[in-house]
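The letters A, B, C and D name the chains in turn, as written, and every chain counts its residues from 1.
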Amino acid sequence: MEIFWLLGIPLTGGIFLALWGCRKHAPEINALFSLATLLAAALLTHRIIDQGPMMVGAGWFFIDSFNVFLVALTAFVAFTTSLFSRPYMRIEEEHGRLNDKRLRLYHSSYQIFIGAMLLALTTNNMGILWVAMEAATLATVLLVSLYRTPASLEAAWKYFILCGVGIALALFGTILLYFAAEKVLGSGGTALLWTHLNGVKAQLEPTVLSLAFVFLLVGYGTKVGLAPLHSWLPDAHAEGPTPVSAVLSGLLLNVALYAVMRSKVLVDGALGNHMAGNLMMGFGLFSVVLAAFLIKRQTDVKRMFAYSSIEHMGLITFAFGMGGAVANFAALLHMTMHSLTKSAIFFAVGHATQKAGTQLMSGIRGLIQTNPTLGWGLMLGTVAILGVPPFGVFASEFLIITTAMHEHPWATPFLLLALGVAFASIFGKVQPMVFGETELPKLPYQPALAPVFLHLGLVLMLGLFIPPYLADWYRQAAHLLGG
Amino acid sequence: MTLTYHLQIVNLLAALLLLISFAMLSQRRIAGLITLFAWQGAALAASTALIAWSTNQHHLYYSAALTLVLKVIAMPWYFFRIVRKLDVDRDVEPMINIPTTMLIGIVLVIFAFNLALPISELSGTVTRSTLGIALACVLLAFLMMITRSKAIPQVIGFLAMENGLFFAATSATYGMPLVVELGVALDVLVGVFVLGIFFFQIRETFDSLDLKHMEKLKEK
Amino acid sequence: MATLSLLSPDPVQWAWGIVLFWLSLGFASLLLQGSQRLLTGLVFPLGALGALAIAGVGIAGLTGPATSIVLPIGLPDLPFHLRLDALSAFFMVLLGGAAFGITVYASGYFKSMAAGPLALLALWYHLFLGGMVTVLLADDAYAFMVAWEVMALSSYFLVTTDHKVPEIRRAGFLYLLIAHVGAVSLLLTFGVLQGGHGDYTFDTMRLAQTPPFWASVAYLLALFGFGAKAGLVPLHVWLPEAHPAAPSPVSALMSGVMLKTAIYGLLRVTFDLLNIQIGWWGTLALALGLITALYGVIFAAVQSDMKRLLAWSSIENIGVIIAAFGLTLIFHTDGKGALAALTLTAMLYHALNHAFFKGLLFVGTGSVLHATGVRHMGHLGGLMRFMPWTAWLTLIGALAIAGLPPLNGFVSEWLLLQAFLLTPGLSQPYLNMVIPVAAAIVALAAALAAYVMVKFFGVVFLGQPRDTALQDAHEAGWPERLGMLWLAAGCVLLGLFPAQVIGWLSPVVRLLTEQTMVNDGNWLMLAPVSSERASYMPLIFFAVVIGVLGLTYLWVRRVYHGRVRRSDPWDCGYPEQDARMQDSAEGFGQPIRQIFEVFMKVERETPDPFSRTPRYHGASLDKLWFILYEPIARVTGWLSEQAGRLQHGRIQWYLIYSFATLIFLLVFTTR
Amino acid sequence: MSVGILLQLAQSLLAILLAPLLMGWVNQCHAWLQGRSAPPITQPYRTLKKLFHKDAVIAHHASPLFRFAPYMIFACMALAAGIVPTIANDLPFSPAADVIALVGIFALARVFLALAAMDIGTAFGSLGARREMLVSFLAEPALLMVFFTASLISQSTELPIIVQTMAHSKFAIYPSLAFAAVAFWMISVAENARIPVDNPSTHLELTMIHEAMILEYSARHLALIEWAVALKLFTYSALGIALFVPWGIAAQGDVAAIPLALLAMVAKLLIGGAVLAFLETISAKVRLFRAPEFLGTAFLLAVLGMLIHFLLEV
């Protein structure tokens, strides 16, 4: 039952806001809907904790420990982001970059975007999964081009075309999957249900599945932002409004990776070799290294953190590629940590850019002078994302790197290099933004820093203490992914 | 096995699809492109219907109808409207010149066939051999997207790709489950709609649909 | 000691309790943002008490058996394991002893700081202390790394306290960067050591049978990681930048204590966690250590910023310690347990000494900085008259670090040289020959250290003030004096009672080398192998010097007289000589620069003969920076440029990337 | 034991008292070699007496360190003289400090002298201090290396043991010691501020090292320093004797041999002093920047000696 709330609330929210969005309190309504979604997600999670994995809605939906924590995460970040976007968008309106109509569009497609992601996460049908991913893309395209500036249009266009193509390839992969499944399960609706596929994965035709996986990996991989398919990502993150950047790199990338993983499970079952894993490790490493070197040359703060998202996604993909209980566990942990931390950073960055009136890092200086909390938020967030303990990102990087050193030593020099370069670049650029002298003015509205510190607090806590039931989720999920 | 002649027709249509894809690759004028796209849609619908009839899979009729409505009537009409509104008929010289593109296309087709061969062996459907063609269409559409330097042709390429996918679905697997197909169709529809909005926005910001205006975002 | 061990049945819990106390103190100080007096008058003294308690716990832990606890925090399958054995205990004594004096000093030093920043500083300060203790306690890789990085991070924020100065920001950045790279390589070390089934506790690592190749890999990674923190050449570049940048008590902590945690880690990994040791490891460490020692002291001699000078001298001392470590390894792998024990004792002793005298010297410069606001020695001088306390106490530190008897620096150097003299026992004839030469390098470094200290003390405290502003330099307050007194007392006592100290060290030495250093002497005689071989009685020595001194004084006064007449300096009768005619810091270092110019990139601007206001400027820069670090930076820059080309801006290109990837993968998978 | 203590005291006092005499003897030889009419051999004593009677003149801003230093230096030198076996071996006090500690004592005295020199803040003072430290940082390790050669042979850093092995055990020729001896000579020349490194009898600012440091001293302070200098020369000579020509030094508890030892000692010192004077007269003072090369050579020789020990004698 919760599932329908979970999916219904954002949908109705989208429609409602599309109709009434011009009202003065649209941001609050948006936040309310997100809150409701969060509650529904909480209920669902609670039920899963109680009763374990289950099929819902006549087998159309399947919730297990892998996606339930992503659902919870998505609902949570969506809610905090809506909180953040409230003052942020107000200020944007003050600055005259947006008007009511655009805000209406923003709010309704925000809700729809969230709904689409939740659908993608919960559905049991690989086809529907594809549909939902596409829907999410479409919803965000409009969000990216919200400012209607040439740059934002260009970004949105690239985003649309590249992801569209990618997702089309994913569809081809899905067709091949269905093609293979149909032999075993017979044609009709059930042949695309993941649970059924998972049940018979050993009998699926290897050659077809390996082809299918290539298409799925390239397709969904484009959305994950794996190099060299990542080209859309920095533009879309840099040019869209900051809340959108936050949910893009905090949530959408996760969902895409979720899709990849679902298919990887099947392929591994069918092939019985490590082909899928190797491909993912290759992509992961390449993304990590390339992103690290690209970070070094950034001047735009949001663009820089977009590249850092690519880097982290690469790391996670690499970990999933390695496989095994520890690595999968680490990857899942890293997914959580990355979305929390990165969205927090984007919140802080959003206010900082508004303050300075530019996204160029050379224009942002000495934040802790004029408002210390913002400055410390950005500094701590950066430190956290760079994998410095006691923040949780370190916990997962610790597991990933030590495992890599033990399983695949050849990869560690690249990791060492990439992490070093990324650290030098990001920290070297953020430090002067936070420290030093400044003459920047204060903000007209009180920036919403509660989400920032809420996220960072969570990340800190998870770095030092992971609640047992959460750990159990991770373990089960890791196991389910072939740990 | 000897094919019953309506299945031969299906194969014929498949060949036609491939041909149209090539034609699209070589077509310079946007209007022509749209027409070709419509024809491709028609061929697709026809083949789907045929397969539905020959293997009496009823839900395929729906998808045939859907194709007909969307890709033969709605979209081309919509595109023509846009083209007329923005009067952007002429496409400039594509990135790679036509003969080269053709050659690459041929290579792709061969590649696709080789790729599809082992799969077709497994296919239980009567129309298995068409899978290679479908894949070829997809790749050709991709190539077209790469070579075209204006917005609309690129989008048409994108849609042609979807056609290819659709053909793959019908020919190799007698179509996906209906829900999925409806979803896909819906997405395509929305996508095209969104694109329409886009064209106008792009147009009013860059006052042309030429993609070379949209190369600002890069690493300095 | 006995009372203490009665008082604390379980040292490790005490230690952890104190860490928590420090943390709470730190966060409490955030609430005290308002009142500056509470911060300096309450928070720091309490912190100092914590340090004292840590030292006590350490002493208790030295004698007692290893105790351990498991905390409810950490990773799900890996809660924090804490364990306190003799090794950790020794370093805790070191930490507590030095940190007590420094923190007492700090409670006075920070009086002049505004409450807001001070509260933040207090937070980081106590986090720093807690982090260091936790590093010593950690008994699993995760806890160790967390504590290690907390230590690094908090010290970074301490270094950048005065973040408005660009140089300081740069220094902090460099520091954190190198610290982080080192930390990653430590991660890899643990990655090698772990059993592979995700079990990161040190116990399993101890049991794991690492094959020689991988053991060597782990050792090299550890040497890199810990070397980066300790300032081993060529990873030392951050040190001369970061230590001067930090507020003086912090520099004292970093230089005196934090560097030692790296030494601790190196010992822990090499002797405790790795189940085999290989001979060439020792040779490598010995060579690196000697190079570091020489390099450090040479650069110390040519510095003109007093804190920078001390930082370089820290590099030298670390070099000596690492060299001793290498020698220990050599003896240990050669089956010369007793000699290994002797060398290890010398090494630990030197680490302990360095904590005290370097802490003392740094806080001394702190007082000078406070009184004059000048760090450049070229503008100081003659301070002995205005701040006698600081001057005399600093003098003790300077003599100690110069390795002069009867102070502590000499004892460890003496032991080390004895160890070097014993190498003929080794089985490889080659090493036999080379190592006495190594001893020569140690001796050279020691002699140069004396040079450096004469320069440091002479230029800063003696002579005439080079700046009129120095006339109103004020003496340090009482808390500062107390802190310095404590540290100076440490230098003297450690020098006078080596036999006792070595007795305390023996559990540590036994833990690592299964043997203890034989002291053939008695409570006032130090005789490493046998009294036939070598002996040293600091107390007698001291007594005789004092006795003779007193006798001479009395005799001169008795037999003759004590009349004194004051007048202008004689100076060969040259009438109008002034303060600017004394040697400047550069001047004093000039001979060294001339001799060792090969290591340096010297920047000189000599005055043009016709200029009205001729001025000379000379700086000797670290050549390694230019031949090692700048190329690395250039290469990464080039690579990122190449990477940037990919992000080309044309959507067609992006499509081609996807297309090519697709085709490639298809070919790759179906072949 | 009590005998030992008596001997110890006697020897130390003897050293302290005789040191100026050695200085006088060297100066006398100088004079003869240079064809001057020599001052009486007791001249140093007279100088000291005169200085002790004078009033001390001290610069206005001299710090306590300045007045404290001479006593410190004197005490160090006296201690050093007490450690080195001159007439009798194995004195009760010798375990207090071995050769390394001895080097430490010299270093201690030197550092105090240098600091005192910098205290007044005159151009000459700091110049002298700098040059002194420059000379010493090369001389000190070289001296250690010399000692190491000896102690590698005798398996000990204890002077008495070394003397024991050299003088009273079976006679053997040690080529390494030859190198060590040459090195030791060069070092002691440098350390005692003699030609060719420094010139005790000049006040020419370009060349002087030691003299530049004590320019500001007068009266009793100067006296103590001069005495300490004499003691240093004596101690070095005694060291040289103990290391390289130890024959005659009375063995452990052998009280009967003491008179003979005394004679042997005096004879050796006379010869040594004469040789020192001779070499000084025939050699010219080198430029200051050559000094490092000179000492570098000494260092090299010492290390060579040690290597040769490993090659030939192990």
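FYI, contacts are C-beta pairs under 8 Å (C-beta built on N, C-alpha and C of every residue); 3 or more make two chains touch, one makes a residue touch a chain.
This one's a predicted model, so the numbers in the text were calculated from it and none came from an experiment.
A.B. asks: Among the other chains, which touch chain C and chain D together?
C.D. replies: none
A.B. asks: Among all other chains, pick the one whose mean CA position is farthest from the mean CA position of chain C.
C.D. replies: B
A.B. asks: Which chain wins if you rank chains by how close their C-alpha centre is to the centre of all protein C-alpha atoms?
C.D. replies: Taking the mean of C-alpha atoms per chain, the most central one is C.
A.B. asks: Distance-wise, how many Å sit between the C-alpha centres of chain A and chain B, to the nearest whole number?
C.D. replies: Inter-chain centre distance comes to 31 Å.
A.B. asks: Which whole number of Å gives the spacing of the CA centres of chain A and chain D?
C.D. replies: 78
A.B. asks: Just give me the whole-number Å value for how far the CA centre of chain A lies from that of chain C.
C.D. replies: Going by mean C-alpha positions, chain A sits 44 Å from chain C.
A.B. asks: From the C-alpha centre of chain B to that of chain C, how far is it in Å?
C.D. replies: 70
A.B. asks: What are the residue numbers in chain C that touch two or more other chains?
C.D. replies: Correct list: 643-644, 646-647, 651, 655, 666, 670.
A.B. asks: For chain D, jot down the residues that touch at least 2 other chains.
C.D. replies: Residues of chain D never touch two or more of the other chains.
A.B. asks: Listing for chain A: what residues touch at least two other chains?
C.D. replies: In chain A, 157-158, 161, 165, 169, 207, 211, 234, 294, 297 touch at least two other chains.
A.B. asks: Does the chain-touch network form a line, ring, star, complete graph or other?
C.D. replies: Here the contact pattern is something else, fitting no line, ring, star or complete shape.
A.B. asks: What is the complete set of touching chain pairs?
C.D. replies: So, checking each combination of chains, I get A-B, A-C, B-C, C-D as the touching pairs.
A.B. asks: Provide the residue numbers of chain B that touch chain C in the complex, in ascending order.
C.D. replies: 95, 111, 115, 118, 142-143, 145-147, 149, 154, 211-212, 214-220
A.B. asks: List the residues on chain C that touch chain B in their complex, please.
C.D. replies: Touch list, chain C to chain B: 643-652, 655-656, 659, 663, 666, 670.
A.B. asks: Would you tell me which residues of chain C are touching chain A in their complex?
C.D. replies: My answer: residues 72-77, 141-142, 145-146, 149-150, 152-153, 160, 163-164, 166, 169, 172-173, 176-177, 180-181, 184-185, 187-188, 190-192, 194, 196, 198, 200, 636-637, 639-644, 646-647, 651, 653-655, 657-658, 661-662, 665-666, 669-670.
A.B. asks: Quick check: in the complex, which residue numbers of chain A touch chain B?
C.D. replies: 125, 127-128, 130-131, 134-135, 138, 141-142, 145, 148-151, 153-158, 160-161, 164-165, 168-169, 171-172, 174-176, 178-179, 182-183, 187-189, 191-192, 205, 207-208, 211, 234-235, 238-239, 294, 297, 299
A.B. asks: Where on chain D is chain C touching in the complex?
C.D. replies: 52-53, 55-61, 63-65, 67, 71-72, 74-76, 78-79, 82, 93, 95-98, 100-101, 104-105, 107-108, 110-111, 114-115, 118-127, 129-131, 133-134, 136-138, 140-141, 144-145, 148, 151-152, 155-158, 161, 203, 205, 215-216, 218, 220, 224, 289, 292, 299, 302-303, 306-307, 310, 314
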